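Below, subunit A partners subunit B and then partners subunit C, in two separate complexes.
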Partner chain A sequence: MSDYPTPDAPSLTIPVPRGPLPSTPDRGAGPPVTLEVDGEAVTVPAGSTLLDACSKRGVDTPTLCYLETLSPVNVCRVCVVELEGSRTLVPACSRPAAEGMVVSTDSERVRLSRRMVLEFLSSSNDVETAPELQEYMERYGADPERYGSRNGQAATQAQPTKIDNELYVRDYSKCILCYKCVEACGVDAQNTFAIAVAGRGFESHIATEFDVPLPDSACVYCGNCIGVCPTGALMFKSEHDLRNAGEWDESQQETTDTICPYCGVGCTLTLHTQDNRIVKATSPLDQEVTSGNLCIKGRFGWQFVGGGKSGSSGS
Partner chain B sequence: MLWGSNARETHPIYFHHVLKGIHNGAALYVVDPRRTSSAQWADRWLGLDVGTDIVLAHAAGREILSAGLHDREFIERATSEFDAYRKAVEPYTLERAERESGVPGEAIRDLAHAYAKAPTAQLCWTLGITEHHNAVDNVRALINLALLTGHVGRYGSGLCPLRGQNNVQGGGDMGALPDRLTGFQHVENPALRSKFEAAWNCRIPPKKGWHLSGMFDAMERGDLTTLYVLGENPVVSEADKDRALRLMNGLDFLVVQDILFTQTAEIADVVLPAQAGWAESEGTVTSSERKVQRVRRAVQPPPGCRDDMQIIFDLANHMGHEWGEPDSETMWNELRTLSPMHAGMSYERLEKLGGIRWPCYDESHPGELFLHGRLWADPLIGPRAPFAPVEHCPPVDVLDDEFPIRLTTGRRLDSYNTGVQSSQYASPMRWGETLDLSPEDGQMHGLAEFERVRVSSRRGAVEARVRFDPGLRPGLAFMTTHFPDEVDTNRLTIDAVDPKSGTAEFKATAIRVDKIGAAATGS
Partner chain C sequence: MDLHFTSDRPSDDEISAVDALLGPAVSRWAGGERSDPAEGQTAVGGHRTSGRRHLLLPVLHAVQWRVGWISRGALNYACRRLDVPPAEAYGVASFYDMLSMEPQHAVVARVCDDIACLARGADELCSKLEESLGPAAHSGQRTPSNWVRSPCLGLCERAPAVLVTGAGEQPSNCVSAPASPSSVLRCIRFPAPGVSDRQPAEVSVPQAGDASLDLLRRIGSSGALSLDGYRASGGLSALRLALRKGRDWVLREVEASRLVGRGGAAFPTGVKWRAVAGASGTKYLVCNADESEPGTFKDRVLMEGDPFAIVEAIAIASYATECERAYVYIRGEYPRATERLRFAIAEFEEAGLLKSACPIEIRRGAGAYICGEETALFNSIEGYRGEPRNKPPYPTEVGLFGKPTLVNNVETLANVPRILLQGGSDFAAIGTEGSRGPKLFCLSGHVERPGVYEARFGVSVRELIDMAGGVAGTGKLQAVLVGGAAGAFLAPNELDAPFTFEGMRAVGATVGSAVVMPFDDSVDLALILLRIAEFFREESCGQCVPCRVGTVRQDELLQRLREGRFIGSMDQERALLQDISQVMRDASICGLGHTAASAVDSALARFPIFSRSHP
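Showing the complex of A and B:
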């Protein structure tokens, strides 16, 4: 027989001998790239974008459709910068940084373009639950009223809120069509493809197949679309109900990182609590296991904490 | 390769990583009796008959050998028992495998060649492999394939049991096994045992204990009369529920420590209300990739519910042992002095690195991304890895004219085990318990979808609604244990147990399906 103990015999080794330290293969990245951002030289690793270079330079670039865990789709145009030699402004989030580029991030042309993008979005959409967008509007002096009041004059996306299940609320009057939810539902994370953009022009909207209610669609309620939504158009029902009751108070909320209690994958859950109650669960974008994504159990399965609904574990 | 795993539903975030690989051009092979939502992503689905995994694995191994695709140098340098293995797989021809497993020989050949020729390959499995009466043999048949091809101990190549619970790995690591102390140190090894005895200032029984199934056998013999159950719901989760309930009701004394009032708590003499470990307590859990991560208190527990550790400390106190004030970090640091594989994992480092994979021998050690790299060291470090010349052994619960349908069990995406936790939220996808049948079987029995039927096995019978699942082949049925209040699936299942692991054969029950009102016998 072998010199390794059988499962029934005591092992004398503890528990296996120490071997060489495993390493990851060297993928051989290209040489770093040096470019000029707002008059200063910046060096970034090969494969970086202009957005990365701006961050390295300490420039805070507004983004709406960009997320580090999703493929850039270049639809919101709020991150545009001026690139010497380019006829048009370029989206910083997707343009690869190249040697010798000269980039301006705060020129009059850039500021005007960003302001108009923000005005278009905020004149047709309800931005009440979009804190980042509101902050950008202030930074760039956006005045949506220039296109008419949202009460009647301006064309808007106003429509009734869709509440067709116990977990999600969809309020598309707040949707700026950033595509993040479509990407998270698609190849960038969940690969369920329950939603896409339907229609053309101003009629474009996020839709399930044939606009059926969510429970009749392919949706598996992972909530990864909610996790990436920048405007609150997609919201957990738990948050929506507390907001409606006037009880949602982020200043009173705490977050705690822990590990999901279900399967063995080890997803980090960020529990958002208020008044000693869990009010929602998210996951950090920079977490190597989840990249911010969860499944239905991790996202919504916490309701047994505190005794459960009926008061009836690791079981 | 996913073998006996429906990771798309049972490990959804792990499957995101699989999908990334697929989008990058990786091939996916799924071996599963059901054409699951994981199988729908596969380049090739091998729908074997339940319990024929060794037939399939051996046939693939034989094919790799006869095509000369095995890694001769690795086998020579790092393995043992190769000749016995070669002899064991010799009778498993593709023709025989096709006959016994139901998988076309050509598909087995394709899988064998793809696996052997791949520059890197992962072989992952779940309960489809382990919930059988020959669980360990099944696992070793898969390990054989990795040893044969050198797909182990290298970056991107390995063997990966996908653990089903958030800390089932940690439970084993901590010594919640019949034969191991913390860090897999064998209790029957005097040197290791005495290290623990010195640290704990007590005598540790020098013989290994019983695993869960062994405990039920001991109850049957009258050798086990008192049971202390922590965070487990055996009244519902044990195979052959009627027997489990009878034995537990026959105990002299049953203590249940849990966060919710489970069916097991209902029959207990004493119930100790506990805190939800992952949201109301401090500590660590270990994931399927051996990664130790911190869990933290986010909410204060309901009144009267106490930390597991506090309860155990108080019990010790009542037994005359003064253990001091319980504190998770102090406890962890004690563990680090006794378990070499955890020695380098301070709370500070776990925090900073967001978790560390064992083994981690000291505070400058980063933890190990994969195991068994020693098999590639030259010269080899430690013992050779043995092939296992295991033999196919079909499920215990045989199919016959009276019980002609093979019932297998598993999880659904939105639910979990006996439903104690997952039943507390409203999933829009949930339809409760059903007996899932192939549409062909439904038609043959003259059943309408969602009609209630009587499902019987050699142990018991339940009533359930029928649902048609085109992912099932004729003769194959599927149920979960998620909804014990609706349907007690474990009245049907068999407690035939793997003697090596103690796992019951939840995956292979012989059943019959009768229309309600029809005669109880006769088909």
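Showing the complex of A and C:
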């Protein structure tokens, strides 16, 4: 009886793989589903989400943590809609559509929640490089000044930019904790697990183990986290440097699709050029080979083209 | 998994703490020595290793209890042994208050400064400790301190409360409640191995010995703490009856009892049991003993005072629903309850009483209120951050390890033996139309005799306060917090409301965890509200935006109101507070966010708290 607190003796032998997380069910199993969205009937295939149903109805739903290539985590809550019979609002991005549902996407309650989410984010974060978020703020009339973050009365995520390698920078004052980079680094794409959410509450943040610099972590510099970041918190060093020099100008940029020359997989590269120099490389989300993902070579291996500055490791 | 580690090495102590739990490392892959020359060519790992992810929290506990904190080397070793990416393990470890990621004293006093203790001298205790020990610890401190301020320790009836934990080969837990500066210093200077608490469990049950009690009947009696005594006092007869009459009979009786969950959500227990019993394949049972709602201590008292009854109920539930394994998830701040339950489980096992049920395992929390939310609890057991999952699907379909899971609160389970022995319909005859059975209430704050009280549903708030000897302190009642920090404040003219689900709903409150916490007129309610706001700010898991930021903005706004430092006008601030409250209630993922503004809203609707001008 006095053995406390020697370690518990849990069973060591039950290999229990983690169960499926709540997510969208398999598509296409079962008959189509008919529901009402903003007063109009919509029919969607079985396994669709409310977000799919809203899109089908022509309703533009704001999303921040949602991406079609990642499992929905439904944490930003900007996509919430009102569902008849539900005490609370529900996230459109992950709630499966069911027969007979009655959904409102523009009620007072929905507008208030969306506006507040946007105010919460914009009063905590630097949204300078988050055009989508800014557009939503305008749409819902979000006013971040109500919280006093400008004159230091409100807690914010303000912190110095982390520049610890030559390929990309991390400015977590812009991070809205959408979990996309963690998913892209983990089982949804790269399976490298270099980053995770650490801490709790408002102190939660994206981190390597003990917040060690990226070169000491498991990071393989695939840059797939940059590809999914909705706010510019993760940014090509090339873009960061041009912005700092006041030379970044998207209106002057062109994109060119090509195939990555490094190996035989055949990933589509979208090269972004400004003044006839490549400034970053991405891949289309709907490209069947990549689903938007690349490796270090495709993502950063173009820097030799322009000559001069060597980016990739320089070894 | 191809993992990457920093070069930090574990110390011998750290290795031995981990190995004591997992056994020695058998290969170099897992951080040991190369034993097989072919090891360079063959990998060890795969599902057999990664299937042990659920041991991450126990391993982190083991290191914390041995060394007092978790170093980089220790985390690396834990990750090698369990095949967990270090970044993820860091994310898990940094989630919990009781795990330290920085060097810390081996012995640390956790001093509760939450609402119940605040009303009974926590502030004074803290300033005395500050005089003798220096300021309380906070993260990033260069020289660690011996004491830290803590959210509710679940010892509200013995306020002010302190838990002193000591790491080492023989860890120590010293409960000091009611605490004085000298009792705390004694616990820090002379840590005694094991669990020490000078007061027996029954001090928390003023009704102890009353033969008419149901749930608290055995507490304080000679039958409570040994298997023989338990048997002699009528224990085990419900389990025997269940085994004789069969599963379906048990399910029918529980359904007929109309028992609803006592953890706060009030879901019909019979419906849950039936759903899990009807599911096929592997199923789990979880006894939710992560009681962390400020003002709540009923489950602790049950586990400390009548542990065999809880184990018997778990055995009955797992038999009836055919679960493969049962977990008791108990908060890390409950050392004596943990020790007694562990003993009771071992006694049951040795006597062969779990043969028709299933193995029962204790898992300890590590300081996170949110892990009392059932899906956050699953993630915590599985070795992930205690972040709630989106519902649906519900635990009866997709629960622990993705399997159908029966989750019941401790008090809910404690009703089960009685239901079987005296019949479900007999149970259902107690109480009111919407609220059936006996119920435990947690009386603390300004009452003469704080403690756990048993009463039949239908009893009013006033009657409960009278049972506890009436209003203490100045004797003049200002307000009563009911249901917990996630509950609501009532005004003195609302005390005749029956403390039932329907009665509380009628006055805009909830039963919650059946907290009744009166405050006399000397208490500054603004301070209590600020402490509640701070509690939610610190305990939000941080996953969803409405709660992560909303709890912070609520706290900031209340501080502005208190200091009369408005942004815009007072009216604008009040309107903003309403907006914050609504988005948390409407758009948060889980119950923490949904109720984080309830108590504040209810208080501001009833009392002119911030309307006076302030210095």
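As a working rule, the second predicted complex is superposed on the first by the 274 of 315 C-alpha atoms of A that agree within 3 Å, B and C clash if a C-alpha of one lies under 4 Å from a C-alpha of the other, contacts with A are read in each partner's own complex, and residues count from 1 in each chain.
Operating definition for what follows: a residue touches a chain if its C-beta (ideal position, glycine included) is under 8 Å from a C-beta of that chain, and two chains touch if they have at least 3 such contacts.
Worth saying up front: this structure is predicted, and the values here are computed from it rather than measured.
When the two complexes are overlaid on their common chain A, residue A:K162 makes contact with neither subunit B nor subunit C.
Residue contacts after overlaying the shared chain place A:N276 against subunit B, while subunit C stays out of touching range. Judged by the touch definition given at the top, the superposed model places A:G201 against subunit C, while subunit B stays out of reach. Of the two partner chains placed around the shared chain by superposition, subunit C is the only one that A:F210 touches, whereas subunit B remains out of contact. Legend: residue contacts after superposition of the two complexes on their common chain; A:K56 is shown touching neither subunit B nor subunit C. By the touch criterion defined above, A:R139 reaches neither subunit B nor subunit C.
In the superposition on chain A, contact of A:C222 is made with subunit B only, not with subunit C. Look at A:S124: by the touch rule set out above, it reaches subunit C but stays clear of subunit B. Judged by the touch definition given at the top, the superposed model places A:V289 against subunit B, while subunit C stays out of reach. Overlap of the subunit B and subunit C interfaces on subunit A: residues 1-4, 7-8, 10-12, 14-22, 191. Residues of subunit B touching subunit A in their complex: 10-14, 16, 19, 23, 41, 80-81, 136, 155, 162-169, 179, 183-186, 188-189, 192, 231-233, 236-237, 258-262, 264, 274, 276-280, 285-289, 291, 293-302, 340-341, 354-355, 359, 361, 365-366, 368-375, 377, 381-386, 413-418, 420-429, 500. On subunit A, the positions that touch subunit C within their shared complex are 1-12, 14-22, 74-78, 80, 88-89, 91, 94, 109, 112-113, 116-117, 120-121, 123-124, 146-148, 153-155, 176-177, 191, 193-204, 207-210, 212, 216-218.
Chain contact summary for the complex, subunit A toward subunit B: residues 1-4, 7-8, 10-25, 165-167, 187, 189-191, 214-215, 219-222, 254, 256-269, 271, 273, 276-278, 287-291, 293-298, 300-315. Chain contact summary for the complex, subunit C toward subunit A: residues 1, 3-4, 6, 17, 20-23, 47-48, 50-55, 58, 61-62, 65, 72, 75, 85-91, 94-95, 101, 171, 173, 193-195, 325, 335, 338-340, 342-343, 359, 361-364, 368, 382, 384-385, 389-393, 398-403, 537-546, 548-553, 556, 560, 565, 567-568, 572, 576, 579-580, 582-583, 585-589, 594.
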